[in-house]
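In the two complexes that follow, chain A is the common piece, with chain B as its partner first and chain C second.
Let's look at the complex of A and B:
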């Protein structure tokens, strides 16, 4: 029975836990961390159960309170949603394990309890965004996520964090405004908020009110573009992701920005009529913006001296891959783009956590000061190397798999130029990641890097698990790719 | 052609990989055991490759699909006569070089890094030759290229790190170009398997793009102009045994890849008809002349050898553009003979540097009286490089020239002759000065003999002997293998 409610529970469990944690923090301090872990463990179990159900039935439709749409809120768990939910659970859980020890040195004791509350709230909203089939409900989750993210950035309470959080808050509010306006425009012309009904109503509305649809489309692309840090709307990201505590950076860079991309994919492929989109240059605009993101993100990353800032800029480039796949629109390209959501989540979380480990152990975040760190911290160093090689797209790492699909997809779409872009970007990744590795492994350890603090076991374990995931999904990408290919079939089936 | 399934290729590739980790684990306890295991790993690899001979001699092709990554994309192995020849060559040279390293590296730091990396690189190198499809080839190509970076920067000097960085960036560019070629091949042919049929049959702009991408990817590795820039920096800074492998064996992976591209992706006929071979031929001719000419101006011994490698790789690249049996025979045989010659030269150079500490050619005068055996081996290989009969270098040039004449391209022969002349110009002065020149610090009376230790001398002598024996012996294994390979490739290679 309880399995039937898994979609709702996936949102409800972390949300309830988030509200309980401050109470625990007041009276039962030692229970805060186990409770948070337990909540996420339940969520992981829930996602796995969803996976089995969806593989069995293909689609789960859940009506809140048994109110059928268009009145009630509806969750639709298709393969895309299951894929996203799995990504969230895996990476979210590992990051949470890591954060237990890392936060001891990054945060003051009295705010540490709040951190878990924010973290769980954020995950609840992300789960919701992945599964909801209601466009206003989507907006609600977007708002929750924005506020929780903001909290996760500013919780460190130093100047850089507050400033970054404020910047994020402003731009994010602008994005939310755009999205709300777009939803209002859509509701005006169709009278629906449920995506399935919306899609049907839009077929007619596209003929009657093309400008309303066009305006809403533009607003959505800008709004979600800001949230997903699509170039040139990425300006908030490097500050925010670099300033936040390392586990927050891992979640923000690895998961949060991707979920907005998932929302965008849903709206573009499942809601807006294909014929209408074909009349607009939206695909071409996203295509070129993502190309710019890929190239400029990497070039900006090259000149960074701060390790985490460099990783943040690299995220700007990597989110470009996802949008590149979406904009090219061929089956392989879309598969590559969506698969990159998972692959990049694992890689970037790994890199941020390893970077966090370096910072934890040495107290420095300058790339220059980390020479020889690979020799004094072999586990974290090798894990970082695996993540970096995956970024470059060395075969038998998971980064290669998404690149393979994207490159193939660009050829399928008849645009070999964009295959070349994917490859050039790999080279750029190599140019800024490899010197770090050389520095870490082939130079004499100096300064703090020569005698790092010992890393607590849970932190090491989290990093090793992610590094293993990079390799495992590089050797055996078939399962994950299989889910994504089926998800893409559904997306493209509706599109055509 | 019979096709059989056998797990031997997997063993051959996996064994050195496993040994790498064994050596990593063992070296914490005993240096001696580490050295023994390294030599044993190389020796077992050589023997395992040799064990494939009964299949190959019977005209069989071994195929094996290990596991599938994505639909139509798998890790697979395939051994035909070409793979076998090159794997045999690689593991043979590797074995000798590992033995040589024992003595050479005794005075070096970081041996605990050197030996595991040496054996891991062997795995990558043999993996390239035994790969059954371009994807597997790509995996091992990246593995070998990335790991051999550690060999290049072994000295950890600023110079080595700078050369290493250049090498790394060029490697990544090459790897990505290769990736581009493979993706286009997959798109056009639906598969990247070497088990045939031809993957791309029609010339199209996309196919041309793939050809160019392959040229960049493999050409970079083979030191083809204008992608050779990393080579003269990277080869000399590595420890001498590593230079011998980089120049003698690893360059050949690029040539091997291009042979596969010519005969398994496009097919010689299509390339000739579309005229794309002209592109490769032009680059090869520039490579030959440039490599040989620039070698003349080098004063550092190892740098001169490195430039000479560029020139010699040009022969191999040129040979494969003349698509007939004779030229291919010369081509494949030159892969053998250049591997023997260049590893002799680098190992001998290493012995000289170790014993005398001199790297500048000017400073070497009279060294021949001090180290007669080493320098005799050096001279033998150098004379073979010039293509003087009856040494093996002559045999390959002879076959290449005959092939070029058959194909109606006499000017290729002129290029080969000019290059031989240039080879003579930069090798002969070295030989003359080391034997007949006056040593700088020479006192009175005859120079004392101060030879390299036997562990170094034996590999050098063996390799030098091969250049001699495989020039005149009627029982000439590399030549027979080259002949079979040439026939096999011209017939279609499936």
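Let's look at the complex of A and C:
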């Protein structure tokens, strides 16, 4: 039964494909792209099969090498993992389809094959991070993803990209160091790396070695905060996500930073004892940092002239929503935060891909120079508009659904102030997205925007699919929200 | 660099360096070291060769193409072993559970899949060290710059 091995195969298939591609690139050049697509198609099938299995039987537990925990590495696929894996597969596949044509003008011929290798390696590590139940295994995947992301940013080999990648590498190494030290501190007092065993051992360790746990908690929040670009630690993000090739930006902004949030959710809700966390101000700290992220991310985004840089700052604000939900901790808020992982992945990927299409067609990335682009490039323009409206949180787009849950959750938690924050931030999003739309649709096309290059069909198709997803999950949020609500029940059941 | 002493000494050294690298890789499951350290020694040997002679000479012996193949091959060997245990009815990367012969502990050919995996890691690390070296000394313009 191959289905039984789906958790391991989700990591193994993209990894194997990633290492087959350089071999294909030497003799069978025409096979590189189909092989990458095929690998991701298999992964999508695998994640769908995981969804069915989890919905029918509950948890799936996979022991690598038939070694049972606490010795062996264990993958536990719960609903949170399935939700994350589905997000990865959907957005990853669409971005890959888009990248085939876009890379032709962004990258040199000889490095293009490597792009797919890096992309698949990155996805393998993200799949692993979503499913692993072993904290050191988590660290290994974090490192793989850091290196692959750096590669994806610096692959363009111009000055801005290499500078951004270097900055990212340094800060991300700092984050990895913090995480490793935190893992060492936990291992020191519990003797376990498996999260289930760790959680049990920590109940006692919290009384005996509270400072170890406290230090490890601080290090984890800072380490994962750097990786997830939580507000004051976000400084690497705008450069990196703006400079990278557009498909890379879509994946980095849409998927990579979210996975660290998922890891943080797991650690906070499933590993650390709730009684211990209640004695620390960690929830309050994350709450205020995410509030600052939401407000200041939007304000920084307003003053940007570069379209991709603006989108990158908007990611800083949007990751704030995820952490806001986590920190508020009520059922609705957590549902909203986790649901926003998927919703933002779809709409931010859509916005970056549409922005990439504008750049592809006109060669300019200044917002000012894109006046009238909505009239000359209707498909990409309308898709961008849908993404932007979803970002603002207009009803019947998926952005509205997660904000609705968040606003309700803030009221449930007895903190109406944060409901106001969610509302104000929607207004701020409107302030920087609507002028672009007005500029794009109601001004006369001028300059390069008047006569754009024709967009290849796969690129248009990818954008349209994502735009459709924004609408579909706005009209019918029930399926996705259903999975998330069940995931939240599991998280909160452990917490309380 | 054109120095007779360096060339002569490294010519004497090189077989021993390579042999020691292979020794460390093959005894990965028995003694300290293993795929990574052994691979690094093997790779360092090739770097020594390319440094003391010159780059074209080094590339003739071990081309960037060959290193690409070895890099992918090493990883694929590792993953292949893992996937093969699926066919034998065990989980990914299973060793004893998949029925690989374990042999007598302490013998060179023992512990099932581990020596093969170590070999894969060794190939990968050795070729990566060499690739890093080639990339670092490559010059602007050409794929790999001229020697010296």
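A few comments on the model shown:
Operating definition for what follows: the second predicted complex is superposed on the first by the 496 of 496 C-alpha atoms of A that agree within 3 Å, B and C clash if a C-alpha of one lies under 4 Å from a C-alpha of the other, contacts with A are read in each partner's own complex, and residues count from 1 in each chain.
In this section, a contact is a pair of C-beta atoms (placed from the backbone, for glycine too) under 8 Å apart; a residue touches a chain by one contact, two chains touch by 3 or more.
Model, not experiment: these values are computed from the prediction.
Applying the stated contact rule after C-alpha superposition, one finds that A:277 touches neither chain B nor chain C.
Of the two partner chains placed by superposition, only chain C is touched by A:66; chain B is not. More residues of chain A are in touch with B than with the other of chain B and chain C.
Using the contact criterion defined above for the overlaid structures, shared-chain residue A:404 touches chain B, although it does not reach chain C.
Contacts of A:213 after superposition on the shared chain: neither chain B nor chain C is touched. The contact surfaces that chain B and chain C form on chain A in the two complexes do not overlap at any residue. Across the complex, chain A meets chain B through its residues 389, 392-396, 401, 403-404, 407-408, 411-412, 416, 419-420, 423-424, 426-427, 430-431, 434-435, 438, 442-443, 475-478, 481. Contacts from chain C toward chain A in the complex involve residues 65, 68-69, 71-72, 75-76, 79, 82-83, 85-86, 90-98.
The touching residues of chain B, when paired with chain A in their complex, are 67-70, 73, 135, 138-139, 142, 146, 153, 156, 161, 164-165, 168-169, 172-173, 175-177, 179-180, 183-184, 186-187, 206, 209.
By the touch rule above, chain A contacts chain C in their complex via residues 2, 5, 8-9, 12, 15-16, 19-20, 22-23, 26, 62-66.
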